[in-house]
Structures are given as structure tokens and as C-alpha cells.
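So the structure is just underneath, and the comments pick up after that.
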Amino acid sequence: MKSVIKDIGLADAGQRRIEWARRHMPVLERIKSEFALERPLDGVNIVACLHVTVETANLIRVLTVGGANVALTGSNPLSTQDDVAAALANDGTSVYAFHGETTEQYRTCIEEALKLGPHVTLDDGADVIATVHDAHPEYLDGVLGGCEETTTGVIRLRAMAAERALRYPVIAVNDAETKMMFDNRYGTGQSTLHGIMNATNFLFAGKTVVVVGYGWCGRGVAGRAKGLGANVVIVEVEPRKALEAAMDGFRVMPMREAARIGDLFITVTGDISVIRGEHFALMKDQAIVCNSGHFNVELNLEELRQMATSKTTVKDNVEEYRMSDGRTIYVLAEGRLINLSAAFGHPPEVMDMSFANQALCVKHIVEHHDQLSNEVYSVPTEIDKRVAALKLEAIGLETEHLTPQQEAYLHSWTLGT
Amino acid sequence: MKSVIKDIGLADAGQRRIEWARRHMPVLERIKSEFALERPLDGVNIVACLHVTVETANLIRVLTVGGANVALTGSNPLSTQDDVAAALANDGTSVYAFHGETTEQYRTCIEEALKLGPHVTLDDGADVIATVHDAHPEYLDGVLGGCEETTTGVIRLRAMAAERALRYPVIAVNDAETKMMFDNRYGTGQSTLHGIMNATNFLFAGKTVVVVGYGWCGRGVAGRAKGLGANVVIVEVEPRKALEAAMDGFRVMPMREAARIGDLFITVTGDISVIRGEHFALMKDQAIVCNSGHFNVELNLEELRQMATSKTTVKDNVEEYRMSDGRTIYVLAEGRLINLSAAFGHPPEVMDMSFANQALCVKHIVEHHDQLSNEVYSVPTEIDKRVAALKLEAIGLETEHLTPQQEAYLHSWTLGT
Amino acid sequence: MKSVIKDIGLADAGQRRIEWARRHMPVLERIKSEFALERPLDGVNIVACLHVTVETANLIRVLTVGGANVALTGSNPLSTQDDVAAALANDGTSVYAFHGETTEQYRTCIEEALKLGPHVTLDDGADVIATVHDAHPEYLDGVLGGCEETTTGVIRLRAMAAERALRYPVIAVNDAETKMMFDNRYGTGQSTLHGIMNATNFLFAGKTVVVVGYGWCGRGVAGRAKGLGANVVIVEVEPRKALEAAMDGFRVMPMREAARIGDLFITVTGDISVIRGEHFALMKDQAIVCNSGHFNVELNLEELRQMATSKTTVKDNVEEYRMSDGRTIYVLAEGRLINLSAAFGHPPEVMDMSFANQALCVKHIVEHHDQLSNEVYSVPTEIDKRVAALKLEAIGLETEHLTPQQEAYLHSWTLGT
Amino acid sequence: MKSVIKDIGLADAGQRRIEWARRHMPVLERIKSEFALERPLDGVNIVACLHVTVETANLIRVLTVGGANVALTGSNPLSTQDDVAAALANDGTSVYAFHGETTEQYRTCIEEALKLGPHVTLDDGADVIATVHDAHPEYLDGVLGGCEETTTGVIRLRAMAAERALRYPVIAVNDAETKMMFDNRYGTGQSTLHGIMNATNFLFAGKTVVVVGYGWCGRGVAGRAKGLGANVVIVEVEPRKALEAAMDGFRVMPMREAARIGDLFITVTGDISVIRGEHFALMKDQAIVCNSGHFNVELNLEELRQMATSKTTVKDNVEEYRMSDGRTIYVLAEGRLINLSAAFGHPPEVMDMSFANQALCVKHIVEHHDQLSNEVYSVPTEIDKRVAALKLEAIGLETEHLTPQQEAYLHSWTLGT
């Protein structure tokens, strides 16, 4: 099959960058070695709809080495890195992705990829699954199962399963501990601050940083900002999380109070309009506002625009809104994910874990599909633990091992004490 | 009913200490006010088997104010504070508990308490439930339900439920987030270090501290030791927890390596013999070893005794073992829980949350027993969240509130994005 | 010479406690070994006026092993530990110190000790030096020099030197980096929090802790409180220190604002009346107030007393002041140093460094007195660095060493680049 | 006077960037307002040799507003930002600086600037002072004094003063607390990690980071790396600093041990060849090595080159050295300052303080030159404290103020206690 990409001439540049990432994805490398020997995906057709990045390229190669035929489309019209697409196409993978697709082109790419006749689907937002279910049920019979990478996609699929509308089994890769812990906490934590530094050269020490949301992403961002010397304030709706934030040494308050004191605001809630007109009205002059949640809906920029007398691009990723009372508010990256807009997204060490789960879940589907029903499954604990164990090995750390006596004791608790 | 206690003359002293704790248990106080108005436990007989401490006394008073008749026994022959027992007896509660009971006396106390004819049982280790099921089934018919405070008890009860042997519904108070988070993480974290300071006047700054176990207790202890300037090493068997420890900046290694470098060792695993002969053999001269796990089985002191040429009590809670090669190893509190042995256990602010869950769960059982079957239930999420919300209110913090539009958005995710 | 102590029968108990401390003072031990070989203080008479604690006992033994004859008095009528005094007297040291001396007895003890005919004086507050200069100039001719341990004493002596009133050279042991860093930062930091835990069982996590003063003591206390999960607020008068506190992530505000929000207040300023009536008037109900500065003048308790309707001792080291508006304020240890009042003061590891400086400075005076004039000297840098180097060795750490080329480069900077 | 710059057409772009920095330099802004009113530098000729950056541009404008005539040259042939030079020239400042000067051109620029006839010189490395003293003594008579910004320059000037070779007074701006604290600790701390992230997308959490040098820069880098989740190892030659590092919770070891375990190495020592062949020989595969000290001499790359079988540029600022044993070592930015090479250097908030000291010291020289002799002076404490006070005000923080009684007490300490 042919590819639809921007420019095959970019393959060399892509290859060099993929190689740099590869060296920082040791778990995936280890799985690649195993797949090379065992060929567990021999003859398996995989249709993958993922962000076309250097890390994804390494996942695709693992699947290919394992024997799979892969057709890849981008999971967002803007996130495709054309040099990576070229390098993969150059390898022989069918790639249907280029930066700046129209919505129509985006759909066509998925449909082209599906012509491979998928046995397994990989999703980052459930678009392939949705397409198969809604528009191309002719592929349903051939599919053994699918994997989904995001919270959003998993919620969508759980709803489908609840209504008995899901027609093949799906594994929620998103929910693996080794995915959440790295990706959401450590990955988002560091890369969000990195994006802010790149956009603004902001000094964190001595500043009041308001983090809106204290889920795993929020915990990560708050901890790293504190680690750089900021005084961190948490805004949270769930009382147990709010209490945890307080116990972790942060101030906790509602947005209408935090709005008055923050030098920098970062949203990571998954909800809409968490910073809106009533809050922009209270902010200090020169406050900086950005988002690191998945969608660019957390800041209500429409309300800000209506309040502002002018809007100017000060520098890359920094827009200045002048208010009628003379204050200035800076918005970064137009409210899009700051870590992807102004930095490089998660480090490859982080994606190493997420994609190791993907690769092993594909294998799991191929080997166990006849025991699975049309539901959304958690990543099997053995896979989750194995990914953690491989990562520890890769970074040279060793766990303690239980003695037989200790194993026995743990299981004998039910006998009483 | 009469009480069986050490000395009613201690009531005044007990009362003063109970009062000090009361002031630091604002959530329980708030529930007391509500119970005083609503009398939700009017005429309910409660048999409680709990550590007889100042915090427990405050729980008992909340139940009494709510209308209950309470019979209290101690949940451990050594943990009863006789002045607290006296103060409660002085109030009119039936107390069957004194410090230093024999095992026989311990059992008799439970049997005496049961004569109240329980509608609800409260346990810290499942001894009342076990007694009713095994020895006094005549009470089963009267019981509406029970609460259990500990991990150990919950495991025991789950096993009973699995075998269909459980004869009334039980709520696992232990598993509430507002119990685990405070009690295991922040409570154990601080009080363990406090006990060590009291026993040894140990300076944490600059020392290598080995924490064995990275569950909630271990995370708490490790974080606080780091916060006091120690260099912390984690020993853990579960790969995901080990990896999390590494990502949190700690060194991770097996016990046989950690044994060589620690200045201080703290076990919080729930397993037996995690530090044993082979490890004591490797330790540095003057290493200090202690336990903060529930049972005194984590250190294999029998093996240490066999290796040592002498054992001397250096000072309260510090025993010195001389080894034949000239080294000295110090063991604190004979391997018993260091925070209870050498400090005051959890601060009352911590028990405030655990016991607020208890009080509200008793009310829940009374009001909803006819909807419960003979299983082990989690604490209802509304109760857990309400305890967190009350605590936040008590300490003067406010959460953010969702707008109707935000609520709607969160529920509309299934519609796709 | 004979001793004047409480009870020689306490010697054994004192000896055991001294021995425990000895094991945690490895630098002093190392110097003792050298002194035993070299006898650098042979025949030197030393009159020492120091707190009679287990750590001081170890210093005295080092001096004695080095050949000195020592007469010891307590440096405060209340700080003498009678068992330690007994153990030292039992050794043959002349001790004039017992707990609870009157001011008259305190002076007599110093005069008795002086009858030894001092060659070197050791002070913790400059009382021996003052006595020799003011009341017993007959000893001046025999004195080669003195050492002073405290900031207060050093200030006094610098004033004397400035007026040419100082009649022999004095080394300001207080100012050694290896004294300040350990004693003031790490020692006061941990032991202050330890004292507060002992007095109140206060949970630091989630609390607002106001630290008044951001010198080395304040930095230590603030850092440790943050390390235990508190949200720390700094009150400071010096703008550069205030700015440093802000850059370290703390909130900075004046006392009149901090007074409204603190759950716990700790003063470490060296000044008087830093928390006074106008501040007590603003505090929250149940605020806790204590001092860790040298003198009990930092809290203006007289003003608090006048505002309060009652004052009650709630428990050891906790006094409750009821205000006419219904609020309660708790004051710990009557405003005296909380770490000495409710815990054990600095850990022996800390005093190890301070007293190692003392021992080596005595040797320095004996060997170099003819090159010293009647001034206040800093601790020689070689001694300060040597104490650090010995401590590193004792705890098993190694510095990097400069190559000859690197040494040369550092000195060649003056040649330009 | 005319300017010698690259392209006046860049002025607009420069102006926008200068404006962004201006908004983050509130102390300098405040001084500018004062200077505008008071014109303290009316008619003063200033020859400044500084890095031509957006922050420097703001300093120059403050001086100009204060009445000075300024001639500016770059202090390094590579650090000039041509758009900034254009913007300043556009304002009317005489600028002699362009990116990529030859050494000859660099000298000529200084000589051209000197033709202004300086009353005050500003240096970042002492090149103007050296030129005046060595080559152009004809200007000496006119000079009232100078300021020097760097450690290196100050050392050079102190040596000159010691030899009575210094012919006019100089203020060591470098040594102000408000310069060192911000610039070296917080500035270098954050910007070094920022540069590393940009070059490598390195995830700090879970990595072993070796920081060589524990001066203010090293403390800053180590603290921030810990704050991002790294496990930090310190290599230091001075025992007191090494001990402080250990007390701060870091591991301390010599380079030959640290070399074996680091994932990332950062040098900040000011010395040469601190990581050299013998250390590269021990490193793990894929170790990353960089420098954040002033000169690119800290890494001995010559020895690395000799050991390597190949050297390849992997990506911007990352060079890969392949070793004959198969290992790979990555060197960032060829050993040059990583924060300037791969990020933006210090944030403007940091330079705000340094340059506020510069501006006020120039004023001080103009007003007090007749009281100064030909020596190197510290920044007057009033200036240092005033800069801190202005910064606090700018960021909305307030210090506590002493009462008259407190002032009196502090000064009465000499009266005894």
C-alpha cells in the first residue's frame, strides 16, 4: 500500500529524531527484542490513529518487528510531524497523515487506513472505533479488539459499552498505573513548566502560581512548581482532593479569591470555562494565564476578548489583552496545551511506558481475544506490573523479593492474627 | 450497667486530656452538634471494641449524644488509657477495659459488653464480630450492622463474606479516603519520626534513612524524613510502587544493599521478617532499627538475638545488641509500633476524620440496614466527601463550585468532542 | 579540689547518658584520641562555665584527656543536669553546679571554680570573663585566652574590645561556620518542631505556621516545617532576608497580617516583644504561640495576661489564655526556648561540631597565645575546615580533591582570562 | 556620535523584545522614574562594556533618562543581540557592537566608545578598566569611578588594588547580596535546567543528577533538580560546603565515584577540567554532560575527543561521542554555558536586581567620588537593602518594621543580659 504524506524527502531528518527518542525508550526496545524473536503479531493488520511523533514511530516499529502490518493516521489534524511520517513511510509502513489536514482530509485518511482490513485498532480519542461502528460496519467482523489511549476516549467507549453498542472488546490503556503515573503526573508536571519557560522566560521562584485542578496532572504541575520555588495555590472542586492539597502544604481557595493573587494561572481540570470573565476581571496587572488540559476550552477566551480593548501578539505563544482599566493579561498559546505548543510534550521516557502498555495490550488481544467480550477492559495487572519491572531494570533499579515465608504470611492473613 | 475499670479516681485527669483532644477534632464536634439535635441513634445499643484513648472517648460521646447506649471494651490488652476509661465510666458509659488485661480478661470484657444486646458493633481488628459469630450467635438476630477500622480486620471480614459466613453487613471504615489519607500517610508519617526523636534524639539531616515499604504509610514516612533533611532509600517489592518511589526522587534498592548503608531503618510493610539475620549481618556499626507497621513481626529480632553476644537496655525504648564482630545495633521499642510506643500515636486532627467516618457510618447502618445485605461495604462516597468537606470548613478552606454549565459539560463527554 | 553537686549517687545514671551521647559525637572522639597521644593541654587549668549536659560532659573529658585540669560551673541556674554533674565529679573533675541554684549560689560557684587559677576560660554567655575582669582581676595575669560559645557573649566581648577593656584574647567559637550551620540551622530547625510535637501533638501537615525571623534559626525552622507539610509564612524586618524568604517559596508579610492567619507562631528573632498585645488581639481561636529564640522576651506575655480573663495550665508546657471575646490562645513553655523546655535541645551530633571547635580552639590558644592580642578572634579557618572534614570522615563521606593543575588555575585568575 | 552596529532595520524587533523585558524589571523602572525627576547623571559620560541584551538595554535607558551620555560596547564577541543594538542606536545611544566581532574588532569597539571621554565605566569582565589602565591612560584623569559586574573581574581588580595599580575607585556590583542571591542561585538554578530541557527533553524525575560545585550556583542547580524529582549527588572540594550539601539531604562523593552513577552531569565550579578523561572512562552509556560555569574549561573535552572513536552532532546543542567500548556520551553546547546556549539566560526579573545595583552605584560614584580612594568597594549596604526593599514592594510584599523599643533593645545588647 502507498502512503499519503507531505514529503518523502524529510525521511532522513525524521529518522535521526526517531533514533534519539528510541534511545530513551528502553522498555519499548526490550519488547521489540522479544517481538523480533517471537513474532506474536505475525500477519496481524493494525490500523492506528495516533499523534504522528517520534515516540509513536518507535511504537509502530515495535509492532512491525512483531509481524504486524500497520496503517497509521494522525489523531489530530495539527499534530503530525511530517519528517516522522516520511521516515515511517520510507520503512514501508502505510502512513496517511500530514500536518494541516482539513477535517475532510482527516476523515479520508482514516478511511484509507481502514482499507488494510484491521484485526486490531489503536486509538487516541476513539476516532477509528467510532468510524468502524458508525460508517464502516463491514470491518467489524474482522476486528479482534482495540486499544484506547485517552481519558476522553475511554469515557466515550464506556458509554457505548453501557448501551451495548460496543461491538468488539477494547483495552483502556489510559488507565494503566504505569501510564497515568508517568504521563499525567511526571510528564505533564515537567513539560508544562517547560512550555511556560519557553514562552515567557518566567522565573518561578517567589511567584504565586495558581494551579486549577488537583488530579494527577494538577498534582504533578503543583509539585514541580513548588520544586522551582513558587508559592502554589490550588483551586479544586472535589473536597477530598482539596483536602489532600492542603495537607500537601498548598493553599486552597475558590477561583474568585485565587484570581486576585496569582502571577501565573495553569488549568488542568478537564472542564470548560474554569477561568472566565468574572475571574479575568479580578486579576493583577500582567497576570499570565495558560492551559495544560487536553482541550482548549478551560479558559473562556471569548469572554476575555469581549472585555479587552485590544489584543496583540507580543511574541511567539504570548498574546497580550489590554483591559479598559489599564491592566494587561497575557494568554499563552491561545489556551491550547502549553506543553505541546511551546515545548516538546512528554519526554520519550514517559511515552516509553505508555506505548509499552500499547504494544503488550495488542499482543494480549491477539492471544486472548476469544476470552474477551464486547466491553472496556482495564490493562491486565500483569502487563502493568511488567512494564514497571522492565522500566526499573532499564534504569538499573531492583525491587526486593518476597521469601516463600513472606508470601505465605501475606496470604494467611485471613486466618486471623 | 456497671463498668470494669482500673480506678474511677483518674476520671478528672482523663477528662482534661479528653477535652484537649476534643478541641482538635472539629469534624467530630460538628457531627456531635447535629446528633444532639437529630438524635439519630436514639435507643440504639452499640458494642465498641476500640483502643481506649482520648480520641476514642470523643467518638463515644458523639454516639451517646446521638442517643446511643454504648458498651466499650479495649481492642488491645495494653493500649487502654486508664484515666480515659475512668472519665467515660464517670459519664455513664459502660466501660470494660483496663491496662494490662490478661487474654482471658480481654475475652471476658468483650462478653460482658455484649450483654448490652448490640444493634451495631464497632471493631478495630474484628474481635467483636468474631465473638458474635463464633461464640455468641444468640446476638446475631439483633445486630443491624457493624463497622471495622483496620486493614487487618477488613481482610478477615472479606474472607468471611466470600465464604458466605458473614451474618450481618459491615462497613469497611478503614477504606475511606478521608481515613487512609490522613491516618496512614500524614498521621503515620509525622508520628513515626516523632517517636524516633523521642527515643533517640536522632538528627535526620544528613542521615541515610531506609524506609521499607512504599504504601501510604511508607510514602508518608519517606516524605517527612526527606522533609527533615534525610537522604531516603526505599525498599519495595511491588514494581509500580518501586518505580513511583524512584520518580519521587528516592533511591530504590533491595534490602541486602540498603542494609549496608542505612543509619536508620523503618519498616512499614505489613509483612513478616522484612529485616532479618542476613540483613543485620550487613549493617553499619550503630545502625538504628525500628518498626511502624501494625504488628511487631516486621523485624526478626529472634535472629538478631541469636547473632548478638549481649543485649542491653541503653535508655527507654532503646536496646543495644552487641555483635561478635564488635558492631552495635540499636532496636527501638522492641520492634513495636514506634509512634505509639515512644510518641502519642496519631494527632487528634487525624483521628477526627477516621472517627467522623465511624459516627456517620453508624448512622448510615441504622437508617439503611434494610437495604444492606451480609457483605463488606465501602464507606458511602457521600459520607467520605462530607467528612472532607467538613474538615475543610473547620480549617477555613473553601473548594471551588461547579457552574451548571460545567456540570453539564462533564456529563456530556459521552457525546463526543 | 572538691565538687559542689546535688548527689554523687546519680553518677551511674549520668554516666550511661553521657555514653549514649559520646557515641554520637565522633568528631570529638577523634580529637580525644589525638589529645590522648599528644597531651597538648598538659598542666593547663581551664575554668569552664557551660550548660552541664551530656554533651558538655564529653567536651570536658576531651580536655581532661588532653592533660587539662578543669573546673566546671553551670552557665544557667536551671540548666544543670544533676546526674551529669555527679558523673563528672566522680571522674575527678571539679564541678560546682546543681539544678536550681540561687543567683547568689550561681556567683559563688563561679568564684569557687576560679580558685583553680585559670589559664583558659570557656564561656557560654561571658560570665567567667566578666567575673575575672570586674571582680577578680588577680587572675588576669595567668589567663592566656578564652573561648565564647554564644552570639550574646560575643557581642558583649566585641563591645569590651572596642573600648579597649578586654584584657585577654578571646575566640568567638560561636561564629565558626561548622558551629552556626549545624547548631542554628539544622539543630534549632529540628529540635524546635520536636518540642512543639511533644507539648501539643500538633500535626504540621495542612497548617499555617508563622515563623518570625529568617536568620539561620528561622531558615532552619521554616524549612523543616515546610518539610512536614505546613504552609509557612515568614515575618522579617531585613529586606534582603525577606526577599530570600519569598524566593524560597514562602509568603512574607508583616506581623499584623500574619497574626490573623497563623495556626502556630514561632519566634526566632533575638529581639523583644515581636509578638505583643496588638497581635494577640488578631489571632484565631486556638492559635498556638511559642519561642525558640535564646531569651524569653520575644513574646510579650505581660500584655497577653492583661488582655486575658483567665490563664490555665492545660497540660505540661501548655498554658491556655482565655480572651474576653471567647477566643483561646495557647502559649508553650511560658515563652522559654521550646526545644530545651519540651524536647532535648540540640542532638549530640550537632553539639559534636560546636564542641570540637571549642576543644581545638583551646589548643590553639595554648599554642599561639603569644601571637594573640587582647581582641575577639574568629575561629581560625583551618580549624573550622578541619572540623568539617572530620565530620565528613566520621559519616563516611569524601570530598573531591584538587589536582595541582586545578590549584594553579584558581590562583592564576589574577592573571586575567 | 554615530553607532557601529549590524542593521538599523532590526530596531523595531529589538524594541518589542526590550519592552517585554522592561515589564519584568520593576525595580529598574522605579529607579527610572526617580532618575527622570532628579536627573542625577546630568552630563555624565558613561562607557559601558556589557552583554548587549534586552535587559542591558533597559539599564542603558535608565542611565540615559538620568541624564547620562552612554557609549556601549558588547562584552563578548558572540553575545550581542543585533536587534537590541539597533533599537538602542535608534534611541540615540552610541552603540559599538555586533554579533560575531573578531578580537580585533572587539578591541576597536572599546576604543571607539572611549572617545566619549568617560566619567564612569561599567564592566562585565573588566575590559574597559584594563584598556584605560594599559593602553589609554589619557582617560584616567576624567574617570570618577567604575562598576564591575562579574566575579572574575572583581578578582582581577582586587589584585590590581593590592598592588596599588588601580587608578580609580571601583564598586564590585557582583558582591551585592541582591545580585548574588538572584543571579547565581535562583537565576542559574532555573535557567540551567531550562537549557538542558531544551537541548534534550530530559525528564528529571527518577534520574541521578551529579552537580559539581556547591557554591551559590551549585546550590541553586541542585535545589531545582531535586525540586523536579531528581536524585542529586554533589561533588565538592571545600569540606564545609560538602558538609552543608550532606545536611541538605544530598549524597556527597568524589568525582571518580559520582562518574559511575550519574545520568546527567552539570559543572558549576569555576575551575578547569573538573570532569576529565579519567571520569569519562567510568560513565554509564548515554550519560549527558554539560557546564553552567562561566568559562567552557570545566569539561576537558580534549581528553574526551582523544578517547572517542567518533563525534557526531545528534541535534542542536547535543554532540555524541562514541567510545571504543561501545558507550555513548552526550556533551551539550560544547561545554559552554548551557543556560545561555540553549535557553535565554537569566530571566529579566533576575537582571532587574543586578542592574538596579548598577544604576544606583553609578549615582553613588557621581555623588561620592571625592570620598572614595583607588580601591575596590563593596556595594553600599543601603543600596543593597534598598534594591531588596524596592523588589519586595514591586512584588507586593511587606517587611515587618521595628518599634523604637525593639531598635533600642538591639543596640543595648552590649549592656549585658
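To keep things simple, chains are lettered A, B, C and D as they appear, and every chain counts its residues starting from 1.
One rule holds in what follows: a contact is a pair of C-beta atoms (placed from the backbone, for glycine too) under 8 Å apart; a residue touches a chain by one contact, two chains touch by 3 or more.
Predicted model, so just to flag it, every value in this text is computed and none were measured.
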Pair joined by more contacting C-beta pairs (A-B or B-C): A-B
Maximum centroid distance from chain A, chain identifier (CA atoms): C
Rounded Å distance between chain A and chain B, as computed from the means of their C-alpha atoms: 38
Chain B and chain D, separation of their C-alpha mean positions in angstrom: 54
Inter-chain centre distance, chain B versus chain C - centres from mean C-alpha coordinates, in Å: 38
Touching two or more other chains - residues of chain D: 186, 205-206, 226, 229, 243, 246-247, 395
Of chain D, residues touching chain B in the complex: 205-206, 226, 229-231, 243, 246-251
Interfacial residue positions of chain D with respect to chain C in the complex: 125, 130, 152, 155-156, 159, 177-178, 181-182, 185-186, 212, 235-240, 242-244, 246-247, 252-255, 257, 270-274, 295, 297, 384-386, 388-389, 391-392, 395, 397-403, 405-406, 409-410, 413-414, 416-417
Complex contact set, residues of chain D against chain A: 16-17, 20, 23, 186-187, 189-190, 194, 197-198, 201-206, 223-224, 226-229, 286, 314-315, 318, 328, 343-344, 347-350, 395
